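In what comes next, subunit A is part of two complexes: it sits with subunit B in the first one and with subunit C in the second one.
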Partner chain A sequence: MIVHLPILQVIIPLMAAPLCLLLTRPRLAWLFSLIASGLAFLISGMLLQQVMTSGTIIYEMGGWEAPWGIEYRIDQLNALLLLIISALSTIVLFAAETSIHKEIPADKHTLFYVLYLLSLAAMLGIVATGDAFNVFVFLEISSLSAYALIALGQDRRALWASYQYLIMGTIGATFILIGIGLMYQMTGTLNMYDLSIRLPEVAQTRTVFTAFAFVIVGICLKLAMFPLHLWLPNAYAYAPSIVTAFFAATATKVAIYLLIRFTFSVFGLSFSFTHLPLQLLFVTLGLVGVFVASTAAIYQTNVKHLFAYSSIAQIGYMIVGFSISTAAGLTATLLHLFNHALMKGALFLALGAVMYRIGSTQLSNFQGLGRQMPVTMAAIVIGGLSLIGVPLTVGFVSKWYLVLAVIENGWWPVAVLILAGSLLAIVYVWRIVEVAYFKPALAGTETIQEAPLSFLIPVWTLVIANIYFGIDTRLSVQVAQAASQSLFGVSP
Partner chain B sequence: MFIGLYNYWVVIVLMMVGFYIVIAHGNLIKKIVGLSIFQTSVFIFYISMAKVDGGSAPILADEINQYSNPLPQVLILTAIVVGIATTALALALAVRIKEAYGSIEEDEIQKQDNLD
Partner chain C sequence: MTMTSFPPGLVLLLGAFLLPIVGKNVRSILILALPLVTLGLVWNLPNGLFAISTMLDYQLILVRSDSLSRLFATVFCIMTFAGGLYALKQKSVMELVAVFVYAGSAIGAVFSGDLISLFIFWEIMAVASTMVILSVGSNVGNKVSMRYLLVHIFGGSLFLVGILAYVLDTGSTAFTSMQPDSFGTVLILSGFLINAAAPPLSAWLSDAYSEASFSGTVFLSAFTTKTAVYVLLRGFPGTEILIFIGVFMIFYGIIYALLENDMRRILAYSIVNQVGFMVTGIGIGTEMALNGVAAHAFTHIIYKALLLMSAGSVLYMTGKRKCTDLGGLFQSMPLTTICGIIGALSISSFPLTSGFISKSMISQSAADANLMIVWFFLLAASAGVFLHAGIKFPWFVFFQKDSGLRPPDPPWNMKLAMILFSGLCIGLGIWPELLYDMLPYPVTYEPYTVTHVVNMLQILMFSGFAFFLMLPLMRRTLTITLDFDWIYRRALPVVLQNAFSVIWKVDSAIRQAFLIRFNQSLAFVARRYQSPSSLLSRTYPAGSMVMWVAVILAAYLILSFISK
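And then the complex of A and B:
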């Protein structure tokens, strides 16, 4: 049993998805999905513990030895990502039943859980697998379910956002497919570990450079890295609240994982960063992304849009950490990945609660909410503080490590710019606080009540995690450091 | 050069044609068609690289001693399924968009969204 954990992790939600269809009662389907997701979470916790104590786990599918068969290879990096995805999915799912009650027509509830579980299984699959083509297949499963989930939004603009995401996403995935094809052409293998051994032999060919370019651009489209982020704001803003919370916390993280995996493990550090001007390119795009997206966030009138732009800015920080290409920089990126999942999970879930009570996330409707929904608004404020990077929240921890890594590398101007970017975050978070706490409530809104417990429990779980991991950083920092060191240890 | 790499030239031409249609056309259905052409070019690319001159299907028989690589073909079967699913979903979305906006022209939809 314990040997099969890597595959069980993916197969449980994958099998649970069609089984959900048989459960005609939406409430049952919800409980069932919650259990499936919870099991995945338990398994990922066990896997992380196993990896931290005894090193990389290799699982050969059906007993076929790699590189002939598909192998699942779980090292510290995968284990951390698996834990983030399954934990956030479970917490978000807890609030799903209440939330979709108001946002999705009743006959679609069961189907919603099917799509949700498929999306979860595919994301776990992308992370767990050690096979490049398998990555593409899982990527498409997760994307296709994502398009359908986004299209479930109430507003008709959700359809248009979903369509645009579909076009961009498919182009991205096809680029990755071309890249994988070119790699296969040069090496005759699809196994990532095998690729990392064979690619250096042919590294100086134009085919490999082309493969690298296709894979990186494809991943950056999925990742919504500036300037390929245009699909993200509308997709997040018009999707059902639960879907937004789930994707904001997990989907972009999976893409960051792929970026790290392909540049550091598959192509190798020396190929990715010495032969190509990737460092300069990424640090520039990352910083421009931080400023453009943060500035855009300030001018939004819809709070969901606001936080969607803020997500793009946070991705910018992760890209900056990534571009330093030192173990310290990568640690900062991984920490921020973990912390950002906690922050955005809490924020978007709290917005879901607001949506549940007032049916809108327009900033103008937030007037007086500080008094009407004090517990929810307090969560949004703490999440916002974490986004800014105030001490005692997780946001501070990852910014601290990021700035340290940048300074260690001697990039003083970048460190200054990172801090300046945080000032912009203060502005957009303040806008919400100002409206919610310092403006009188709108007429006719006296009846608005605090959000139900099914929202408050998951939201506050995440908020408390935000504070807990901001004070006790042992677990998150230790795992992130172990993951980044293992990447530097393996890469040739 | 040209004849030997004939398949690859076809791949590049199809890829660019498909990509151009996706970018340049405002009609949602035409975009989907472009996307399909774009994906198909990649399928042809995979199939072409697996072909060995004079190679046969990998069947164990006395008179056959050279084989084409079957793996990329298997991969592409999967990719074709993915492609069909994508096209079907995109068309379904186009139908829903037509119902909601009364149009499948990008600029028309954008205009209506700006009014809201």
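And then the complex of A and C:
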């Protein structure tokens, strides 16, 4: 059993998805999905423990040896990502039943869980697999289910947003496929580990350069790096609240994982960062992204839009950490990956609760919510503080390690810019606080009640995690450090 | 962690969250009891380092107890107690919670033995003090608190980068005396100075403090700037540049206070002025000067709070804040008037008041260190202080013309708080040994010499004379004084807006031109091959996204081929 954990991680949600379709009663489907996701979470925890104690796990599918067969390769980086995805998925799913009750027509509830599980399985698959083509396959599964999930949003613009995402996602996936194809042409292998050994031999060819360019652009599109972020705000804003919370916490993280995996492992550090001024390119785009997206966030009138733009800004920070291309920088990125999942999970789930009670996430409708929904609003405030990076929250831990890595590298101006970016975060978080606490409640909203427990429990689980991991950083920092060191260890 | 080593600040910090839960009577008891419990803990701490834990791989020292930290913690506790008494009738529970968190984190900050825990308390202080201003709930208050928070988080950011650089340089997070000779320490110093309301960002203080509630301002005046004085005292004693900064602050405060019309803004500017004295003393850096700074911080918290309490009482009873609207209140508010005058005399360092025994230590140390110009400035400034805070404030508020207002004295608790602090002002002036015994270095200074007393009285008399001579010039009109903050409140947004609109115009022009060309060529292709081009033109946003993708991909490819 224990040896099959890597495949079980993916196969359980993947099998659960069609089974869900058989369960006609939505409530049953919800329970079933929750159990499946919970199992995945349990497995990812066991995998992480196993990896941390005994190193990389290699699982050969059907006993076929790589590079002929498909292998699943779990090192610290994969294990961390698997844990983030399955944990957030489970917590978010907890609130799903209540939330979609209001936001999705009753006849589509079962379908929703099917898509959700498919999406979860695909994301886990992308992370777990060690095969480049397999990555593409799972990427397509996750994208297709994502388009459908976003299109379920009650706002009619959801369809349009989903369509845009579809166009962009398809282009991104195609680019990745082209890149993988070119690599296959040059090396004859699709196994990532094998690629990392064979690529250096042919590294100085135009084909490999082109492959690299296609893969990187494709991934950057997927992770909504500025200026390829245009699809993200609408997709997040018009999707059902649960979907937004799930994707905001996990989807872009998977893309960041791919970026790290392809640049550090497959192409290798020396190739990725030497033949292109990638460092300069990424640090510039990352910082510009932080400022453009944060400024855009300030002017939003819909809180979901606001936090969507803030997500783009946070991705900018991860890109900056990535671009340093030192173990410390990568640690900062991975830490922020983990921490940002906690923040945005909490925030978007809390927005889901607001949506449930008042049916809108327009900022103007937040008036007086500080008194009407004190528990939910307190969660948003703490999540916001974490976003700003106030000490004793996870945001501070991220900021600390990121600035430390930047300074260690001697990039003083970047350090100052990063902190200036957190000033912008104050402004947009502030706008919510101001409206919710210091504006009188709108007429006719006296009946608004606090969100139900099915929201409050998962939201506050995440909020407490925000504080807990802000104080006790042992787990997150240790794993992130181990992961980044192992990446620097294996890079040729 | 035994009881004796429990971080005292946490009592207030955690106790604050009990306030909204309990009933009204219990709340009143807690407000008065928590500061006293804290004071007890402070005085039971033996010297040394306690409450050590780890965070982010570094050691946190939550309690470093010595005479200096004990001195500041003591006055913070006294301040919280008297302020709590004064604010007992404050309706906004949120303000009370914020105030207690604020006071607790200030006490936590002065006990912090390492930079990380100091930073944590520093940031809590910034957030909590913002909540104090916010809890007024006015529209102006919201904007002000936003600006206030931004300035402080900016200062905190400088501090944070400074810490990181310092840690990378030295490998230690211990908060000890340092020199501003490396990037890290310079940034730490700038972070400290921003909280001390040093130029060029002095304006946050008067901007924010005049918008808090009648009781909120009393607390605000005590903690942020004095914590900054404490950390400067601990971290940068004898740093020469502080002398210049301090002298600048002294005169900045005086000049703006003389121009000001809002009574609490006058007092806010005089905080900058008084902190200027302390910063100068830290720059001088002799034992005598440092003693003087510590003593002056102690007495200043008390008399400035007293002054703001009397101003707060006037505001509470009349709802008016401008000197031009006030006057003649001594007839119906005798106690407030007397307490205000005692505070005013103290700030002017009149003999037999607390200001006399502390400020003169700083100017004497300047003389001892042969800094004659500095000594002269300090002397001139003493006259200036008497002008703006010593006479101007009580004269325009309580005497001057009769404004026709006849409010009674404030409720008993506010009176009691003012009487308590008036007593402390005079008591310390009569028995300076009480304070001198708590100072970090042994004191040999004797304030009550004939020359000193006569000197001081001469200065005060002449400047008092000058005030009434120039009274026609000083008669206040309804003015708003422009300060440096105008630049970021007005000028910067306008410039940015214009800049952005230009950028947007250029951007859209470029994109328009590109799209027109693109569409033309598409149309050309479409005409040629008779395929529907409407699909692409209809989905303009998706099209522009794809364009970006193409641009980036092309850039990548070109770059990688060029670099080969």
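The rule is simple: the second predicted complex is superposed on the first by the 492 of 492 C-alpha atoms of A that agree within 3 Å, B and C clash if a C-alpha of one lies under 4 Å from a C-alpha of the other, contacts with A are read in each partner's own complex, and residues count from 1 in each chain.
One rule holds in what follows: a residue touches a chain if its C-beta (ideal position, glycine included) is under 8 Å from a C-beta of that chain, and two chains touch if they have at least 3 such contacts.
Please read these numbers as outputs of a predicted model, since none were measured by experiment.
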item	value
Touching partner for A:167 - first (subunit B), second (subunit C), both, neither	both
Contacts of A:144 with subunit B and subunit C, given as first, second, both or neither	first
Touched partner set for A:133, first subunit B, second subunit C, both or neither	first
Partner chain in contact with A:246 - subunit B first, subunit C second, else both or neither	neither
Which of subunit B and subunit C A:262 touches, first, second, both or neither	neither
Which superposed partner A:116 touches (first subunit B, second subunit C, both, neither)	neither
Touched partner set for A:177, first subunit B, second subunit C, both or neither	first
Touched partner set for A:390, first subunit B, second subunit C, both or neither	second
First (subunit B), second (subunit C), both or neither touched by A:185	first
If touched residues of subunit A are counted for subunit B and for subunit C, the larger one	C
Intersection of the subunit A residues that touch subunit B with those that touch subunit C	163, 167, 171
Touching residues on subunit B, where the partner in the complex is subunit A	19, 22, 28, 31, 35, 38-39, 42, 45-46, 49, 72, 75, 78-79, 82, 85-86, 89-90, 93-94, 96-97, 100-101, 109, 113, 116
In the complex, subunit A residues that touch subunit C	163-164, 167-168, 171, 175, 204, 206, 209-210, 212-214, 216-217, 220-221, 227-228, 230-231, 275-277, 281, 385, 388, 390-392, 397, 399-400, 403-404, 407-408, 412, 415-416, 419-420, 422-423, 426-427, 430, 434, 437-438, 471, 473, 477
Residues of subunit C touching subunit A in the complex	55-57, 119-120, 123-124, 127, 134, 137, 142, 146, 149-150, 153-154, 157-158, 160-161, 164-165, 167-168, 183, 539, 541-542, 544-546, 548-549, 552-553, 556-557, 559-561, 563-564
Of all residues in subunit A, those that touch subunit B in their complex	133, 136-137, 140, 144, 147-148, 151, 156-157, 159-160, 162-163, 166-167, 170-171, 174, 177-178, 181, 184-185
